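Only one structure is covered here, and it is reproduced in the block below.
Residue numbering begins at 1 within each chain, and the chains themselves are lettered A, B, C and D in the order written.
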Amino acid sequence: MRYKNLRSSLVLTFFLFFLILPLSQILAQDDTLPPPPPTEVKAGDTPNDNGHSITITWKLSGDDGAGKKNVVAYEILRSESPTGEFVVRGMVPAGNNTYQDRGAKEKEDKNYFPPHKDFYYKVRAKTLNSYSESGVAGPAVAYGQWFHIGKLPVFVGTLAFTIMVLAFISLARKGKEFYVRPLAGIDAVDDAIGRATEMGRPILYILGLGSAADIATIASFTILNRIAKKTAEHKTKIIVPCNDPIVMSVAQETVKAGYLDAGRPDMYKEENIFYLTSMQFAYVAAVNGIMLREKTATNFYLGKFYAESLILAETGSVAGSIQISGTDELAQIPFFVAATDFTLIGEELYAASAYLGREPLLLGALKAQDLAKAIVMLSLALGALAASFHFGFFLKLFTVQM
Amino acid sequence: MRRQLPILIVFVSGVFMIIQYFIPHESFEFIYEYAMDWIIIIGIFAMLLGLWSLTRVSVSKVQTKAPGWGFSVMTLIGLATMLFLGIYKGNKSIAEGTLFMDIFWNIYTPIQATMFALLAFYIASAAYRAFRARTVMSTILLVTALVIMLRLIPLGPLSGINQTLASWILTVPNMAAKRAIWIGIGLGATATCLKIIFGIERAYMGKD
Amino acid sequence: MNFLEKLLALDRRIIFLFIAIAVALPLFFTVKLHIEVTPVVRNLHNAMEALPPGSKVLVSLDYDPGSMPELQPMAESFFRYCFMRDLKIIIIGLWPNGPIQANSALEVILNEPDIKKKNPKYGIDYVNLGYTAGNEVVIERMGSDIPVTFPKDYSGNKTEDLPLMKGVKNFNNIDFVYNLSAGYPGTVEWVLFGVDPYKIKLGAGNTAVQAPQIYPYLNSGQLVGLLGGMKGGAEFEIATGKPAKAVKFMFSQSVSHALICFFILIGNFAYFATRKKKGA
Amino acid sequence: METIGIWIAALLTLGIFSFLYKDNPFYKFCESLFVGISAGYWFVTTFWQVFMPKLADNLVAGRFYYMIGAIFGVLMLLRLFPKIGWLSRWSLALVVGTTAGLYFTRYLVSNGMVQVQNTIIPLYVKGNLSQTIGNLVIVIGTFSGLIYFFFSKEHKGAFGGLAKLGIWILMLSFGASFGYTVMSRMSLLIGRMDYLLGTWLGLIH
C-alpha cells in the first residue's frame, strides 16, 4: 500500500468512486484507460529441458475474460537486472497465463539463451490502445536437467522389455527349446525357391524403399541372408536391385555371407546386387522391366513399401511369378494381401528372420515379444475395465509427456 | 578388429541413443545432433557408391553388347546430362528456368506422374482378381471394399445408409485393426532394435 | 474353355481398357451429378461465409505436382471464392513447390470472365510470399512475426512494401487460415503449431489418403472443416455454387468406381457359376 | 519451348502407358531415360541441398566435428577397394547402431504406449448405445488382433477362435483401406487423362 494512513486512502476511494470511475467509463468507450495488470507473476526454470528456457506464469488481468473483456494479448518482457531495460521477448493471445521464454543453445546463435544467469521478467497486459505492466518477477535461472521425469513410464518400459529379451535369450543359450506356431508365409519360402530352381529361373528380392536405417529394412536383411543361403544351395540366381546405396552395400555383404554359409562363395556374383536410382517411381519402372525380361520365378517384397507396392505386385502377377511380401507400412498391407500369394503382416515380418534361421537366440527374442504382448493385452483388458468404472490412475501409467 | 570393433560401435551408439532420449540436458542434445548429421553425411558419400554401381552395370551391358544394351546407353546419357547440367554453373545450375529444371518438369515429372497413375489400372485388376468370395476372410475383404467404394456412386435412398456404414467402418473396426497391427509392429521393431544393439542380429554386417 | 471360365481368367488388359474409357469418356460430358455436401465441408463453407469482405485469409499450399489432381482443383475453387467475396489472399508454402502451384492456379482463375470483371490486383487483393524452409518451425515463427518469417515475396518484393501486408504482424491480423496438404508438413502441423498456441481459425483440404488421419481434429473442434480428396473438393464447389473441375472429375470417379464394383460382381458370379458346375 | 515441352511430356506419358499392353521398346526407352535422369537429378539436388549446407559450409565455418562424419563417409567409400573394404563396416555400424537406438524409444512410445493409452476406453458409456458398441468393438478388436499375432501358441480352440476374429477384423480394415484408396488412384489417372486430352490435344476444356 502506497498510502500509509487511512484517511488519505479514504479520500482516494472517494475520488475514485465519484470522479474517476464515471470518467473511466466514458474513457473506456475509446479504450485508453489501462487494464488491471497481471498479478502473481512467477518466473522459474522450465522443467525437463535442455537448460535454455525459463517459464513465466501469471494471473490474468481483471479485464481478460471478465471486467471490460478488452485485453487482447500479453507481452513478456525480460531484463538482466530488476531496474534495467526490459525488452519484449514474446507475446501470447489473451486467455493464456503461461509463456516459455526459450532460446537457442548454440552460443553463436542470435537467439542464444544463456543458462545459469539471473533474469527478471515483467508481463504486460495489452488492450488495443493501452497497456499495464505487472511487477518484476525474478531472479530466475535456466538450467538443464539430467532426467526427463515425464518419460519415466518409457524408462520403466525400456528396462522391463530389455530384461525380458535378455532373459529369454539367456534361456535359449542354455539350450531351452521354444515352440512357435507355423506361419503360412514362411512355409511358402522353401517351395518358392524350389519352384525357381525347377524352372531354371532367377529369384527377385526387393528390400523396399527404406534406408539401411529403417528397422523393417534391417529385418529384411536377415531374411535375405537366409534366402541367399538357400539359393546358393539350390544354385539359383538371386537378383537384388536396390534403391539406396547403403542398402545396396549391406545387401551385397548379406548375400555374400549367405553364400559363404552355404559353402559356395565361388558362386556369389556382386553384379546381381546393384543400385538403380533413389527416386521411387524410376526405381519401380526399372524393377518392372527386370521382372518381365528376366522372367523371375519368385519375387520377394520384404521391407518398407509405399505406393509402388501394388505396381510391383501386379506386374509380378502378369509375369506369373510366385510372390511373397511383407511390410510394416500399414497403408500398403492391403495391396500386398490382395495381389501377392503370401503376406507377412506387420510383426510377422520381424518374426520371419527367427523362423527362417531357427536360431535359438532369435527365437528367444520372439518369445520375449510374445510375453510383452501378453502384458499389453492384459493392460488393455484391465485398463478398459478400470476406465468403465472411472479409475483414471491406470491411464496415467501409460501417459508420456514429451 | 574386423569383427569386434563394428559390433562395439553398434552397441555404444545404440545405447547412447536410447539413453539420450531420457536426458534433456544440452550436452546430450549436442552429441545427438552431431550424430544425426554424421549419418546424413555418410549417406551423401555413399551416393558415389550408387552412381558407381549404376554406371558399372550399364557400361558392362554396353561393352558385352548384352540384349537391350542400347537402353543402357540411354540411361548413361540421361545420367551424364543431368550431372553436367546440374553442376557446371555452380549452385545456380538448379534454379527455376535452367535447362536442368526444364528437363525435370518436362521429362521427369510427367513420367513420374504416369508411373503413379498406373496404379489406377492395377488397383482395378487386383480387385477383380483378389476379391472373390472363396473364404470367410476374402468375403469380408470384398464386402467392405464394395461398401466403401459404393459411397461414390449415387444410390438414391441407400446412399445415406451406405455413408453411415462406410464412416463407421473407417472409424471403428478399422481403428481396432490398425491398433493391433501398430502394437505388434512396435514389439517386433523394438525387439529387433535390441537384437541389433546386443549383436545378436548381425546378418547385415556380412562375413569374411 | 467356356465363357464363364474365360471370364474367370479375364485378360487384365480388357479391364485396363475399360478403366481408361471409364475415366476418359466422362471428361467429355458435363453431367449434373447429385453430390451431397457433407457436414464437414458445409462447416468450412459456413465459416468462410461468415468472413466480412476485406478479411485477410492466409492460404498455405503444402503439396507438389504428385498431388495436383486432387488438390489443384481445391486451390482453384478457393481462389475463385475469395476473389468473388473480396477476401484478401496471402499465399505461402511450407513445401518448396507450393507457391509455384499457387501461381498456376491463379493463372487459371484470373482468366475466368467473372474474375476478370473484378480485376484483382497483385499486392492489394492477393500476395504470394513464397516458400520458407523449416517446416513446423515456420508456423511457430509466423505466430510472432510474419514479415520477418517471409521478408520477401515470391518475386522478390519486400513484404513490408506490399499494401495488403500493411498492419499484418502475426496471426492476430489474419482472419482465417486455409491449408492444402499432401503430408508432412501439413494440416497436422498447422493444428499443433498454429491452432493450439495461436487459436487461429483453420480449414483444410487434404488428399484422400491423408484425410482419415485428420478426422480426429475435426471432432475435437481444432479444425473448422475439411475437404477430403476429390470428393471433398467437389462438395466445396457445390457449396459455393460454382461447380468446376472437381465436380467435373467426380463423374469420372463415379463411373470408374461403378465399373470396378461391376467387375468384382461378375468375377464372383463367374466363380460361383463354375464352382456349381464342377460340383455337379 | 512450351509447346515442345508439352509434346515431349505427352509422348513420354504414352510410352509409360504402353507398358499396360505389354513390355515394348517404347517403354524401355522411357524407363532407361527415367532411371538415368532421376539418378542424376537426385545426386545433383542432394549435393547442393544437403552436402553443401551440411558439410562444406560447416567445415568452412570451422566446425571441425563435422570431419568425423566425413571420415566415416570416406570409410564407406573404401568398399570400392576389396582389400580394405571391411573398413566400411565401421560406418555401417554407426548408421545401424544409431538408428536402432533412436527407433527403439520411438517405436516403444508411438506404437506401444500411445496405442495402449488410446485403447483404454470405457466399455460402457451411459445413455450412448452407439459409443458403447463402438468402444466394445475397438477394445475387443484390438485384443483379438493381438491374439492373431501371438507366435507361441497354435491357433486352436477358444484361442484359435479369438485369433480368427482378429484376422477377420484385420481383413475388414484392409478391405476398407483398399476401397478408400481407389478414389485417390483414380484421381491420378484423371489428372493424366486431363493432361493428354486437354493440355495436349485440346479436346476438352
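FYI, a residue touches a chain if its C-beta (ideal position, glycine included) is under 8 Å from a C-beta of that chain, and two chains touch if they have at least 3 such contacts.
All figures in this text were calculated on a predicted structure; none of them were measured in a lab.
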- Chains adjacent to subunit A and to subunit C under the stated definition are B, D
- Note on the structure: Most contact pairs found between chains B-D
- Which chain is most remote from subunit B in terms of Cα centres? C
- Query: What whole-number Å value describes the gap between the mean CA coordinates of subunit A and subunit D?
  - Reply: 15
- Could you grab the centroid distance between subunit C and subunit D? Build each centroid from C-alpha atoms only and quote it in angstrom. 22
- So which bits of subunit C are touching at least two other chains? 12, 16, 19-20, 23, 68, 209, 212, 231, 253, 256-257, 260
- Task: Could you list the positions in subunit D whose residues touch two or more of the other chains?
- Result: 16, 19-20, 28, 30-32, 34-35, 37-39, 41-42, 76, 79, 89, 92, 95-96, 98-100, 103-105, 107-108, 112, 116, 119, 139, 142-143, 146, 149, 170-171, 173-175, 177-178, 180-183, 186, 188-189, 191
- Would you please write down the residue numbers of subunit B that are in contact with two or more other chains? 18, 21, 39, 42-43, 46-50, 54, 68, 109, 111-113, 115-116, 118-121, 123, 125, 127, 129, 131, 141-142, 145-146, 149, 152, 170-171, 178, 181-185, 187, 189-190, 192-194, 196, 204-206
- Name the graph shape formed by the protein chains and their touching pairs; answer line, ring, star, complete or other. complete
- State the interface residues of subunit A toward subunit B in the complex, per the touch definition above. 48-52, 105, 115, 144-148, 151, 154-155, 158, 161-162, 165-166, 169, 211-213, 215-216, 218-219, 221-222, 224-226, 244-246, 248-250, 252-254, 256-257, 260-261, 271, 274-282, 284-285, 293, 307, 310-311, 313-314, 317, 328, 330, 333, 335, 337-339, 345-347, 349-351, 353, 361-362, 365-366, 368-369, 372-373, 376
- Over in the complex, which subunit D residues touch subunit B? Could you list them? 1, 5-6, 8-10, 12-13, 15-17, 19-20, 28-48, 50-52, 54-55, 58, 65-66, 68-70, 72-74, 76-77, 79-80, 86, 89-105, 107-108, 110-112, 115-116, 118-119, 134, 137-146, 148-149, 166-183, 185-186, 188-189, 191-192, 195
- Message: So in the complex, the part of subunit D that touches subunit C is made up of which residues?
- Response: 20-21, 180-184, 186-191, 193-194, 197-198, 203-204
- Query: Of all residues in subunit B, which touch subunit C in the complex?
  - Reply: 96, 109, 112-113, 116, 120-121, 123-125, 127-129, 131-134, 142, 145-146, 149-150, 152-154, 159, 163, 170-171
- Quick one: in the complex, what on subunit B touches subunit D? 2, 5-7, 9-18, 21, 34-52, 54, 68, 71-72, 74-83, 85-87, 91, 93-94, 100, 102-121, 123, 127, 136-138, 140-149, 152, 166, 168-187, 189-190, 192-194, 196-197, 204-206, 208
